[in-house]
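Data block below; observations after.
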Amino acid sequence: MPMQILNLFAALMLLLTFAMLGQRKIMTLIQLFVLHGLMVVASAILIAYQTHNHHLYYSAALTFAVKVVVIPLILRKLLLSLSVKREVDPLVNVPTTMLIGIVLVIIAFNLAIPVAALSSSIASGTLGIALACIFLSFMMMLVRSNAVPQVIGFLSMENGLFFAATAVTDGMPLLVELGVALAVVGGTLVVGLFMFQMREHFDDLNVRNLEQHKEE
Amino acid sequence: MADLRLMDCIFGVAVGWLAIGICGLLLIRHTRFVARVLFPLSALVGCVLGFAGIVSTFGQIQTSLLPIGLPNLPFHVRIDNLSSYFLFVQGIVTTGVSLFSAGYFSREEDTPAGLICLEYHLCIASIVLLLIADDAYAFLFAWEIMSLTATALVVAHHKDPEVRYAGYLYFLIAHIGAFCLLFCFGLLGINTDDYAFASIRLQRPDLMVGSFIFFLALFGFGAKAGFLPLHIWLPEAHPAAPSPISALMSAFILKTGIYGILRVSLDLLPIQVWWWGGIALAIGLATALFGVVLSAVQTDMKRLLAYSSIENIGLILAGIGLSILFKAYGMYALAALSLTAALFHVASHAAFKSLLFVGTGSVLHSTGERNLGRLGGLMRFMPWTAWAALIGSLAASGLPPLGGFVSEWLLLQSFLLTPGLPNSFLNMLIPIATATIVLVGALAAYVMVKFFGVIYLGQPREQKLNDAHDAGVWERIGFSWLVIACVGLGLFPVHVVQALDRVTHLLLGDGIGNAVAASGWLQLVPDTSERASYMPVVFLVVLLACCIVAYLLVRHVYHVKTRRSGPWACGFPIMNARMQDTAEGFGQPIRHVFGPFFRMERTLPSAFDKKPVYKIKIEDPLWAWFYRPIAAITEFVSSIVGLIQQRRIAVYLLYTFLTLMFLLLVINQ
Amino acid sequence: MFATWNSIRKNDVDIILLLVLATPLIGSIILMLAGHRGVAPELNAGLSLITFVASAFLAANIVANGPSTFFSHYFFLDSLNVFIAGLTAFVGLTTALFSRPYMRVERDAGRMTKVRMRLYHSMYQLFMFTMLLALLTNSVGIMWVALESATLTVLLLVSIYRTAASIEAAWKYFILSGVGVALALFGTVLLYLAAARHFGGDADALMWTNLQMAKSYLEPGIMAFAFVFLLVGYGTKMGLVPMHSWLPDAHAEGPTPISAVLSGLLLNVALYAILRFKVLMDGALQNGLPGKMMVGFGLVSALVATFSLSRQKDVKRMFSYSSIEHVGIMTFTFGIGGAIGTYAGLLHMAMHSLVKSAIFFSVGHACQKAGTQIMSDIRGLLKVSPTVGWGMILGPLAILGLPPFGVFSSEFLIVTNAIREMPWAVPLLLLALGVAFATIISRIQMMVFGEPTVRPLAHSPALLPVFAHLGLALLFGLYMPPYLNEWFVKAVHVIIG
Amino acid sequence: MSAYYEFFSQALEMVVALAAAPLLTGWVNQCRSWLQNKTAPSLFQPHRMLHKLFTKEAVIAETASPLFRLEPYIIFGCMTLACGIIPTLSTSLPLSPAADAIALVGLLALGRVFLALAAMDIGTAFGTLGARREMFVAFLAEPALLMVLFSVSLITRSTSLTAIVYDLTHRPLAIYPSLAFAGIAFTMVLLAENARIPVDNPATHLELTMIHEAMILEHSGRNLALMEWSASLKLYAYLCLGITIFFPWGIPDTGHPFGLILALPILAAKLAVGGILIALIETASAKLRIFRVPEFLAMAFLLAVVGMLVHFLLGA
């Protein structure tokens, strides 16, 4: 029974990642990211309950605090204050991104098969999906030209990694979990700080104007 | 004396030079002290080295270990006959050059004399280490320091861009040569652990690896010695360096390339294949002919001497190629003869070329002019320099009583005494090779007449030449030392050949020593006295006797009336210096005959020019055939590589993603 | 002097280890508050001195008594990481000494406000802390966390000038390194997965010592999978070619002390991490796959970096490509492995750190004197200030592998070892070295010789670091003291096993 | 006893050379005049000219350097030594081990270099013009001469002239094709080196064509006499060299007195025939343009090299 729920959560996560990939509006992108975070937290709690692994609760709580509450808050405040153009202008039109996404999922699955077969934890089937989430969010960073979607892509990749870690090995040692969470929080704070500077200089968050500098 | 091992003496010399260099650096501001005390001191040390070199040529092989270097790669050091002969030649050259530098550097240059003193002594000390190095690491260590310090010396006047460019070109080609040597020694010592020459000699590389090693060595040492495709830096670097430095470079640093080839091809490689010798002979002849033809058309006196150095290096390589050829066919006596000829030419070229370069140094210092078109008639103002340059020019053109002739004579003897090689194709090559060497010798005479005639004889082409002052005291001492060396090599070749006999016995197991010793010190007999013999002392004595007798007879039989008046010149009234032959004029017949040898751009005045101008620019053809294409290729490749920088983050992420995918696919197989 | 010191009792070593790690951490907090004061640079240098002295004792002790773990297995010291830690602390000290006059000139020029000075000094110490932590920790997870936080500190340091170019460089650095480190995390997760099967789920599955003992039991399939992610992840931190694009911008836009530390030390730490994993991989997969991959990456990096050298107009950008080339050479020789190859790689790593940071010190002073980093505008350094001029001559000569300096001996060993093991790769390697030589010498001689366009500075340049590093490189080149040699040999045995 | 005889024959040879050289030049001029239907000057005309010049006052240019004053004696010394080396009257000469064929060519080159330097010394237009042309001709002729000598030395397995003569006289009479090629090449070189008609006109003072005359333009009085004498000595030396290589029969080896007496008339006869030959060639051919000379000498050079190749191919 828990296996099906976990697979459900994994499938939902994959769906959310696809949705984020195709999303045009940044505000709804953030909401999707919140849901994405929720899925990860839920699966972490489920695995913790199943394997009675207490420190997984703490890291789930930490992830919930960071990925579901703090980061979306910062990003929303940033978007409101910067009154920046709300559109996400993708470099590649949406149908082709979807196509590439599917190809990536297929690759991720047949890569994950040998590894999943060996892992003994209950949620080994979901490793393929976790890997697919990582590749898709990687793809999202590639095709976005606005700074906020790029950051969201990066953070969803972190989510994918965390989900893979919990799904495959039912939780890393606490110290490491703490370190990972701390690093992610630090990263986001710095990026937020960064966004303000970018806006000061370029008065919009388009990564395009970050590429003027001649690299000679 | 016997117990003082020669090895310690050689160490003493190297350390002595280092000490002089360092205290030159410390006293960088006291130019007069550096010039007047340090350089003569280093000349003294040079004498000691020369003496030690000769003694150890006849002495036993000595080896020892130096603590410096990596723990499992300490410096192995060894003095054998080959290295001691080269140490002897280095001693002679450095003594002369140091004496001359004592006078030359006493005036303030833009680079302080103390710094030049440091770099100079570091260079000659590293050459000593190079000659006694007995393992690949020490050899390359000394080799690169020599290139580094020589470049530093070349860019002493780094104010003007050509000098900087020349220094850069020199250093670049030397370094590429060093990489080839690294590869060559790596292959040589592939299954020895400490790369010592002693263990390399035990290796038995197969033919293919052996050939690869030989040609890597030829390429690597050629980059330093200046063989044909790699000579491009020589006419740039030697004129750019201060004259005593270009004297040292031409006279000896080129010879380290020759030493290297001898060490690798005849000592370290156990087998010799005939076509190695054939190719070396062909390259040598091509270099010689190319060098002499280009030196005939130069208008800058130091470039002219630089090209003539290329010619002499070509002759030496031809001698070495021939000895490899003979050794491959097992004719050890003939191989020894041609090797003796090549090694003798190393000494004689070192003597007369340093004398010529040192002469141009004095001319440059007193007139400030390097272009032959603005010199002339210096015989009247600088007699000492002129007479020394005359002896240098006669030796350089290979005329009998002096040293240049003896090596050419021995080389021709080795060509003539061939009983015919088993390979019929090579038999055809021998006459053509002899013809080329003889043609090169004659052309060398042409070049030297042009060099001496245009600079020292005739009328001064510029007004300021009238107040040219002769060389200083130290410079004269330097001249006389090198003149003694030239004349000594010319008149007493038997002693030098006996020293060389020890070297050929080491490298080839045979020598012409006993034939030479049998007929006394007066007569040089390579094989038997009927076959060929040459008595330089008797030759000179009889020649002088004839001249003096003629002089006395004419003076006594007929009264002595002489009147000085204007030159006859077929009765033309007005006479000025512009009517003499310029350097381009003197080179014009060679340009006419050897047209395809150079790339020539001429701007001819047309009849309607208000201000007609005639300009001619002679360029080494190899720039266009060999070097510019290479530069273009590197430029092209780097522009392709430049495409990676797409300046867009997404592209860089794509690179990471693709590498990940590629590697994942790789490990799935 | 070392012999007496390392006889102190074993548990004192814990205190020294604590000292080594705590000083930079506490230092960064202190400097966060007092970073803007006039005395901050001296404080920064003092802290680095304490760290260096402590790490020197640590090293002496470990070499004498052999490797051991501390603080319940969370920290593991053997002659490899204690050697690199010592090197990191030393270069950190000399960079701190160099940044004193450098930062004062920047402050006078108005580019460094009070806030930025505080940020710079505290981030500098934090950066040292993260590197030392990454080196000394036994847990692979903590090593990842240390490297991730190192990325963040460098991000702040690179964008300290707030110019458009530096923000772009920082952003590019953040995205590329972030992705790289994330992949490394996934690699660590997979490593943990393979280890968990053998050790059960508790914490010591990530301890390197345990992994090292049990490396032959680890599942080859997963380990190969993990090594690919780790190599690509930490390869990005090292600047291996396909993932190197952030490195030139980070060097060119950040302040010069940071470029020195970045290319001198951070690359070493990333390479150290890869070496740790290579030891495990060699145990797990017997087919030498990691070695081949590293050789491939190394050669490609060396070739691409040298050919893109000639296109650079900015002196710091040029030397950052030279760093990529040398990292490529090091990866190449570690990939070949073998006793001599690894010995040469370690020697090259030490020499590269010393000489490359010395070059960046001279470049920093030269750029301040010239007011620009574009090479064609810097002329006649030797005339204006001979010391900086000579630093600019001897440094590049040393990095190009010319004899008196140590890089020559390490390159000699690398090439001769490569001739024996992998002859087909040697022409490519020599081609790379040749092209690098041609480009760097032609640029340097233009900058150093000729008519000066450079004006002297208010604060006299810090020369001790430059000539201390070059002196050490000279010492290693001429005579390798037996004590240090023994240190290297022990480190080699750690890697070879 | 034989040592005295050797020194006597050596001295005799040099004295004969000094005396006979102007005679030879006079003889060649006579033949040429007869061939051109002119009344020939007397055989001793060159002797009288030398005597006249020796008594005249020597005029030296102000711009001349000490080298100019020494140079006539050096060239005269070189030429006398050259005649001393070439075995004309006997093969046992004390001077023969001192210099072999290559040293002889070097000696001639030494003389030529000093002549060119002296010509450039005064700094007039014609001196340097003559020097350049002389060196230009020389750098093509000297290799050809050396190749001729090498062909011969390959046959006789020695480069010392006396050994060559000894070996050739004791060989059975046989036709050597390589020697034939060498002979033709030698005559072309002889004409070029001694400034005879096809390359340079000995009698002319026309600025555009003269090579040898341009160089001795500035000499006068005793210096000019020495230069003229050296020129005739050079011609004599070249002819004797031709004789020793191609017609060595009649040169006695061990020194018994009547052998020496017999050698003199044989030598005179051969020289006379040689003189006639030169006169014939001179009248039959016209002077070449200066830049046609390289083809002329290149032909000589190739013939000599072919001669050597033929030796290698046919073994003779």
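The first chain written gets the first letter, and so on, giving A, B, C and D; residue counts start at 1 in each chain.
Keep in mind that, in the parts below, a residue touches a chain if its C-beta (ideal position, glycine included) is under 8 Å from a C-beta of that chain, and two chains touch if they have at least 3 such contacts.
Predicted model, so just to flag it, every value in this text is computed and none were measured.
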| item | value |
| --- | --- |
| Contacts common to chain A and chain D (chain labels) | B |
| Top chain pair, ranked by how many C-beta pairs fall in contact | B-D |
| Where chain C and chain D are represented by their mean Cα positions, the distance between them in whole Å | 80 |
| Centre-to-centre distance between chain C and chain B (centres being mean Cα positions), rounded to whole Å | 45 |
| Mean-CA-position distance for chain D and chain B (Å) | 36 |
| Chain A and chain B: spacing of chain centres that average the CA atoms, whole Å | 70 |
| Touching two or more other chains - residue numbers and ranges from chain A | 111, 138, 141, 150, 207, 210-211, 213, 215 |
| Multi-partner residues of chain D (at least 2 other chains) | none |
| Per-residue overlap in chain B, given as positions that touch at least 2 other chains | 645, 649, 653, 664 |
| Which pairs of chains touch, using the document's own definition | A-B, A-C, B-C, B-D |
| Chain D-facing residues of chain B, complex | 376-377, 379-380, 383, 386, 390, 394, 397-401, 405, 408-409, 412-413, 416, 420, 427-428, 430-432, 434-435, 438-439, 441-443, 445-446, 448-450, 452-454, 457-459, 523, 529-535, 538-539, 542-548, 550-551, 554, 557-559, 561-570, 572, 575, 577, 579-581, 585-586, 588-590, 592-593 |
| Touching residues on chain D, where the partner in the complex is chain B | 54-55, 57-63, 65-67, 73-74, 76-78, 80-81, 84, 95, 97-100, 102-103, 106-107, 109-110, 113, 116-117, 120-129, 131-133, 135-136, 138-140, 142-143, 146-147, 150, 153-154, 157-160, 163, 205, 207, 217-218, 220-222, 226, 291, 294, 301, 305, 308-309, 312 |
| Residues of chain A that touch chain C when the two form their complex | 53, 111, 114-115, 118-120, 134, 138, 141, 147, 150, 154, 157-158, 161, 164-165, 168-176, 179-180, 182-183, 186-187, 190-191, 194, 197-198, 201-202, 207, 210-213, 215-216 |
| In the complex, chain A residues that touch chain B | 91, 107, 111, 138, 141-143, 145, 150, 207, 210-211, 213-215 |
| Contact footprint of chain C on chain B as seen in their complex | 67-71, 73, 136-137, 140-142, 144-145, 148, 155, 158-159, 161, 164, 167-168, 171-172, 175-176, 179, 182-183, 185-187, 189-191, 195, 634-635, 637-639, 641-642, 644-645, 649, 652-653, 655-656, 658-660, 663-664, 666-667 |
